[in-house]
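Shared between the two complexes below is chain A, which pairs with chain B and chain C, respectively.
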Partner chain A sequence: MNLQIEADGATTYLVPVGRIDFDAAPAFQQAVERVLSGAGQTPPTTVIIDGAKLEYVSSAGLRAVLLLARAAQRAHIAFALCALQAPVREVFNLSGFSQIMAIHSDRETARSQSQPPRT
Partner chain B sequence: MVAVMPGPIQRAAAAITAPVHALADLLLVRRGPYARAFDNLILGLIIFSVASIGLESIPGLPDWAAQALHIAEIVVVAVFTFEYLLRIVAAPNKLAFIFSYQGLIDLLAIAPFYLVGVDARWLRALRLLRLLRLLKLQTHILESVVEQRTRELAEKNAALEEAQAQLKAELEVARSLQLAILPSSFPARPGCEAAARMIPATTMGGDFYDYIELPDGQIGLVIADVSGHGVPAAFFMAVARTNLRELAAHHPDPGECLARTNDALCAQNPLDLFVTVFYCVLDPQTGRLRYANGGHNPPYVRRAAGGVETLSGAGGLVLGAMVGAKFPTHSVQLLAGDRLVLYTDGVTEAFNPAEQLYGAQRLVDEVHVHGGGTPAALVERICQSVTDFADTAPQSDDITLAVLTWGAP
Partner chain C sequence: MSVAAQAAHLPQLTAFLEQFWSSASLPPGGCPAFALALEELFANVVMHGSAGGALQQVEVSLALTPEGVTMTIEDDGPGFDPLSLPPPDLTASLAERPVGGLGVFLVRKMMDTVSYARVAGRNQVRMSKRLARAAGAEFA
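So, the complex of A and B:
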């Protein structure tokens, strides 16, 4: 798994490439946590995970996403996913994660519908 | 072997050589405080001896000093001779030692003293050969230091290996305990038959299945998969199983039971793990199956009349992720000879060496084609199909299957 990070104003897009499985989940989680903390600069107000290049998510990967969603909420950063490929989308539906997370069809929709949680 | 009685001469020789061998062993062979002290003594004497060559060549040296140096020389040579002889005694191959580079240097360092009558002046130059001994001793000391460090390292390695072996043994015990809490038989009901199997992954996993006898004669059937691997997953699995078992007795509705279990798990989940659970309750009298799904792969029903259906009634969230999550209860009517097939994603997400997934379609095909026999036969058939498919690829997740067949009592 490789994570591409694209900052666009106050919104940061994260593009995981490959698989988030048991082996890749800790590195993925750490990389996203660094983004959420701002890595020394002003943290973004919105973080969107773009799943266009994400091929597979295991249960350990789901756990990482869940922990990141909680961390974002604590930091008052809007957190959403978009452009998930069909097999990954299926995993989010099956696990019920699509009921508690914002999942959008593309970046534009995700950006326009994401509001940072109020304090 | 013939034992030869030693004669008086051999006995006398042994009486002399035995203590000498013991001394050689103590001072030269065995690494210990005595050997180190002896090494240091020799080293000191060499340095002194080399320095005394310089002192002797000082012009106008007083007689008493020259005499003191001469006495010192006798002592030094005596010690060196003693050491030389001891080394010959200690050497396994004495001739090899005498003619070795070291042996010759040792001999040349003392020979001038004994040959002094022949020509004292030029042989004095030979004493500088003791410098070579100095170099030799230094190498020797370095070697012994390296040897000691190597030994210490080996000891630490051995201790580490022992600790690791112990940890591994304890993990083995934990793993067999984990397997032992899985039920081995299905509650006896006329017309009902079930079989299940869990093949644990190489690391300790968190899959489990369970049969629960409910107070009203109904039977609860559980299949579940804890996120992650290792000891944390195994513990969370044990907690999840216990909670579900206890709550099932008080909450006959499967959705309500999962909601209560979820809340209980959220309250005791320091590592933020979660578990996917499919829970169903079968009425053995009527074949009615009520079920609720907490984020688990939906099971299949193979109809005796033909066709394989998915129990895809809307599910809820995985358990342990969010307090207050709701789980809708659905129901399906089983007919005589229908088979219910529960599985975890270790089945459908098994990879082969070419990194292809086993996938749901292969599973459905197996159920469709080979589901007509006993539940045990179908469980074996699917396990074999998955392990054949995975071939040499390592098994990264637990593989769990449970099959139930219902027939009117």
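So, the complex of A and C:
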């Protein structure tokens, strides 16, 4: 798994490429945590995971996404996913994650509907 | 195919599955469910099976049936039925959602049948899923 990072103003898009399986999940989680912390600079106000190049996610990947969504909430950073491919979308739906996370069809929708949590 | 229960061997198992899939000309849409089931059950053995003891062997076999595909995963570790794990609470909020317990739940959801047996000192998990028959696919 590679992680492409694209900053656009206060919004950062993260594009995981390939698989987030139990081998790749820890590195993915650490890389996103660095983005959430700002990595020495001002942290973004919105982080969007763009799933267009994500082919596969397992429960280990879901676990990482869950922990990252919580970390973003604690840091008052809006967190959303978009453009999930069908097999990945199915895993999010079956696990009930679609009910507790913002999942949008594309980047534009994700960006326009993402507001940093106030609490 | 048989491998030691180490995380680094997952790519070999996944490649084995994908090779089976393509050589049987099966519809590609059915493969992700088996790839996920394979990872979840293999990860269970890697994480829970080898505690304190010798490294286990995990054996994966795949078979075509008239309706679809059957996958069997066996290991020689201590007896453990992964299907006995309680289902996760899917109604908890983001802050309260437990971080584990989803793997076996997803396997149950994505497969048509899943069963566990202790056979000759080995754990055996067998699962099957029907597939839409693709034009020209051979189920021989």
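Worth pointing out:
What we mean here is this: the second predicted complex is superposed on the first by the 119 of 119 C-alpha atoms of A that agree within 3 Å, B and C clash if a C-alpha of one lies under 4 Å from a C-alpha of the other, contacts with A are read in each partner's own complex, and residues count from 1 in each chain.
Basically, contacts are C-beta pairs under 8 Å (C-beta built on N, C-alpha and C of every residue); 3 or more make two chains touch, one makes a residue touch a chain.
From a predicted model like this one, the values you see are computed outputs, not experimental measurements.
On the shared subunit chain A, the superposed partners chain B and chain C overlap sterically.
Contacts of A:S58 after superposition: both chain B and chain C are touched. In the superposition on chain A, A:Q73 makes contact with chain C only, not with chain B.
Residue contacts after overlaying the shared chain place A:I5 against neither chain B nor chain C.
Of the two partner chains placed by superposition, chain B and chain C are both touched by A:L94.
With both complexes placed on chain A, chain A has more residues touched by C than by the other of chain B and chain C. By the document's definition of touching, neither partner reaches A:V15: not chain B, not chain C. Once the two complexes are overlaid on chain A, the chain A residues touched by chain B in the first and by chain C in the second are 21-22, 58-60, 62-63, 66-67, 70, 94-96, 99-100.
Across the interface of their complex, chain A is touched by residues 7-8, 10-11, 32, 35-36, 39-40, 43, 46, 88, 90-91, 93-95, 97, 99-100, 102-103, 105-106, 109-110 of chain C. Across the complex, chain B meets chain A through its residues 225-229, 272-274, 276, 294-298, 315-318, 321-322, 325, 345, 349, 396-397. Taken in their complex, chain A has these residues touching chain C: 21-23, 56, 58-60, 62-63, 66-67, 69-70, 73, 87, 90-91, 94-96, 99-101.
Partner chain B is touched in their complex by these residues of chain A: 21-22, 58-60, 62-63, 66-67, 70, 94-97, 99-100.
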